[in-house]
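Each in structure tokens, the structures are laid out below.
Two complexes, one shared chain (chain A), two partners (chain B, chain C).
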Partner chain A sequence: MLADLLQNTLDGLAAGASYAPVALGFALIFGVLRRANLSYGPAIMLGCYAAALAHGRFPGLGLGALAAIALLAAVLAGAYVERLCFAPHRRGSAVAAMVASFALWMQLEEIATLMLPRHVVAFPALYEGEPLAIAGLVLRVEALAAIATAAAVCALLAAILYRSRFGLAVRALVAAPLAAELSGIRPARVFFLVFALASAIGGTAGFLVAATDAQITPMMGLWLTFKGLLATMLGGLGSLPGAVAGALVLGLVEAHAQWFLGPQLRDFVVYLLLFSLLAAAPRWMRTPSPS
Partner chain B sequence: MDFYFGLIQLIGVHTLLGLSAYIVLLTGQVSLAQAAFYAIGAYVSGMLTVLAEWHIVPALAVGGLAGAAAACAVGFPALRVKGLMLVIATLAFGEGVRIFFFNFDYQIAKGDIKVGPLGGEGFRQIRFFPENGWTTFDVMLFIWLFVVLVMALLWWFDRSRYGAVLRAVGEDEVAAQSVGVNLTAVKVSAMTVGGAIAGIAGCLYAHYTTHIEHASFNVLVATFAIAYPIVGGLQSVFGTLAAVVFVQGFLVEGLRELGDWRNLLFGALIVLAMNLRPQGLFWRRGA
Partner chain C sequence: MSAMLEVRDLVTAYGKIEALRGVSLEVQAGSITCLLGPNGAGKTTLMMTIAGILRPRAGSVRFAGREIARRPPHEIVGAGVALVPENRLVFPGMSVRENLYAGAYLRRDGEIEADLERLFERFPRLRERAGQDAGTLSGGEQQMLAVARSLMSRPKLLLMDEPSLGLAPLVVEEIFRIVADLHRDGTTIFLVEQNAHMALRVAHHFYLIEQGRITFSGDPGSLAEDEVIRRAYLGSARR
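And then the complex of A and B:
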């Protein structure tokens, strides 16, 4: 019983670590633009499809090269979404931007199925050996990679936001948009770069998820958007440390709910938790704290 | 000819779905729970006509009431949050309801087959219309009777004090509250009316397709429900109707010839519409 609990906790933390960069990218876009990007996951999915296509055409390519392709394609797809859905609605209606990003989500899914028409597409596996066994607990090597990546992404993002001129511009725009604009910061350019950064983070996370499963489907886009949304929401809107915490909580809740209640009720438990939290609206969820 | 009648039925049901989101959007709230009320109306009324062998009209009334009750129950807690948080709260509710129906079994034997909802396989044999000899044309008229009734009701709301209050809340909550508008009453009542409309739409949908399953009520359907009034514009109920005709009639059916490329153009046209007319296709300044 105790071993099961510990194993579930470990699995949950590993899953949470793979959600964390996804949530960070989503929270970054929401924190800076104040717009929900439904096409966030599908853009990442398209990046992974580009890598799968390259893997099929040129089997000699290593994991590093494929990761670079996935990242680059995700950034390109993200830039496409930003130009079409968010740049035109920067001052206008948030709902119009959301509907436009919904339309692009359908478009990106269609592009993916046109690229590789089969429903499930093989993806190079990250690691083919046995999982590690430590004191009776099982830990997949992929989980270690996910945790390391999540930590690296957090550190890198913190360095960019708090140690670079670009990061200063982003924080200035969030804190005081008008003052930032008057002191020579160009919002359109910063928003575009934020989008590219978020897509790059998401592309890395998506590549890891796809390589861990060794396959991808077009449904991955919706899945990524949902995980990003749920984790961001659990941690408090627009807060970056909150997004990471939310991702870990999401992973833990899912792992335990799956063990005790089964896979069907797992998602139900997550939605119930989220709905009750939002309905009760604790203070940390109600006051968005951009950081 | 039946193909066109089928398309007109679909446009009618989707117009009702869009109108259920329209009245909620008037108060400035984006709800992704409309697909859940649609599902509740569909399952409740389907079970009444199939398992309890009711006539369609009382089943439709109960389906609408069930949608309204669910919307009212969600309205109170959900309306404590705004903006994206409301979107997610309603999304969580909608997905929760969908997963509930994914696991919901209630079958009874009828003759030599078993009927009723069966989890992931869905709810088959909702055959009230064929069993009672209704033709596709009759069903189409029946659906459009409700479309016309609901449109007339919402059109009348827009010309009444209630409609003015709805729009006032949508424009500026604080200003509306400061002139004595009861925000909770307005928002929850709009949500309840929207839930009733979605419940009726669900009942009509279940009976004309004869087969429903959890996937018919997923987040895609919920997003379409809010996309119709936003694409069409919130100025009048006709915007929603026009948007449904544009999307279902032109983009989905008209472009079917394009095959796989359809969704690409579909996405591009919606984005174009939103960029050229962010307030909706039929928005007129100062009207």
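And then the complex of A and C:
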């Protein structure tokens, strides 16, 4: 019983670690632009499809090269979404931007299906050896990679936001948009770069997920947007540390619910948690702040 | 003296409502010029148009002989015009020092640290609070920070929108002392004020704006102060 509990906790943390960068990217866009990007997951999915396509054409490409392709393609797809859905509505309606991003979601899924028509596409596996066994617990090497990546992404993002000139511009723009513009900061350019950064983070996370599963489907976009949205909401909308905490909670709750209640009730428990949070503490999702 | 800033027939509108209905004025290099007028007369609209936040529908704004109307804000800051906005608008959640670095955002020269040091000498209270969250400063300190942040861009012309708004009388005195100091050190200042009494004490030249039009221009003393104050607060229509 205790061993199960520990094993579930370990698996949950690993799953949470793989959600964390996805949630960070989603929360970064939401916190800076104050707009929900439903095409966030699909753009990452398209990046992974580009890597899968490259893998099929050039089987000699290593994991590093494929990860670079996934990241670059995700950034390009993210930039496309920003130009079409968010740049035109910078001063306008947040709902218009969200609806436009929903329309592009459908388009990105179509592109992926046209690129590789089979429903399930093979993806190179991250690791093909045996999982590690430590004190009776099973630890997958992929889980270690996810945890290390999540930690690295958090550290890198913190360094960018709190140590760089670009980070200063991002935080100034969120804190007081008019004063930032009067200081010479260009909102359109900063928003675009924030999108590119969030897409790069998402592309890395998505590649890891695809390589862990050793396959991808067009549904990956839906899956990524949902995990990012759920973790961001659990963490209080728009807060970056909150998004990471939300991702870990999401992973843990899913792992335990699946073990004790079965896979059918797993997602139900997650939504119940979100519902209880909203019902008990409606102010949980207050005005978003970036830090 | 020559005109550093020349505004000609400027029209700025929000939808169908014209907030500026053909404003013309000049700010002489090395002067303190003041714009007085009642609420809703278009003072803030004029400042925001000069700074490039609002696009004028017609007219021109020339700074040091160069047309800057319809240019984006970052180009106007880069050209040497900085606006201290109404209500101060510091960056809360960022330290005082980070606020000042943000003011130097466009600069690539190596003298940013030296300028920071000079500003800390001018505003010792900001040095004491350099690591503190700007959102926790008092109103007067926030106003000082907003002015210092604008100075970090090394402006030739400093625009100030209602710097005394909502501040205690002693703090207002201090803000106007800073305005006089900045002027003495060579900065040209164009100031919007509701506090006509204080403004007339420092200004070399002033304009009255009412309902989007300049209705009077002169030196302090060319119109009885109580008359200026009445029109600055109430507008001539309601006299």
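Definition applied: the second predicted complex is superposed on the first by the 285 of 291 C-alpha atoms of A that agree within 3 Å, B and C clash if a C-alpha of one lies under 4 Å from a C-alpha of the other, contacts with A are read in each partner's own complex, and residues count from 1 in each chain.
Following the convention adopted for this analysis, a residue touches a chain if its C-beta (ideal position, glycine included) is under 8 Å from a C-beta of that chain, and two chains touch if they have at least 3 such contacts.
Here the structure is a predicted model, which means the values were calculated and not measured.
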{"item": "Touched partner set for A:186, first chain B, second chain C, both or neither", "value": "second"}
{"item": "First (chain B), second (chain C), both or neither touched by A:233", "value": "first"}
{"item": "Partner chain in contact with A:275 - chain B first, chain C second, else both or neither", "value": "first"}
{"item": "Partner chain in contact with A:166 - chain B first, chain C second, else both or neither", "value": "neither"}
{"item": "Touching partner for A:223 - first (chain B), second (chain C), both, neither", "value": "neither"}
{"item": "Between chain B and chain C, more extensive residue contact with chain A", "value": "B"}
{"item": "Which superposed partner A:127 touches (first chain B, second chain C, both, neither)", "value": "neither"}
{"item": "Contacts of A:175 with chain B and chain C, given as first, second, both or neither", "value": "second"}
{"item": "Touching partner for A:93 - first (chain B), second (chain C), both, neither", "value": "first"}
{"item": "Residues on chain A engaged by chain C in the complex (per definition of touch)", "value": "165, 168-169, 171-172, 175-176, 178-186, 289-291"}
{"item": "Residue numbers on chain C that touch chain A, as the complex places them", "value": "51, 53, 72-74, 77-78, 82-83, 85, 89-94, 98, 101-103, 105-106, 146, 149-150, 153"}
{"item": "Residues on chain A engaged by chain B in the complex (per definition of touch)", "value": "30, 36, 38, 84-85, 88-89, 92-100, 102-111, 113-114, 222, 229-230, 233, 237, 264-265, 267-268, 271-272, 274-275, 278-281, 285-286"}
{"item": "For the chain B and chain A complex, residues of the former touching the latter", "value": "25, 30, 77-78, 80-81, 83-85, 87-89, 91-93, 95-96, 99-100, 102-103, 219, 223, 226-227, 230-231, 260-264, 266-271, 274-275, 278-279"}
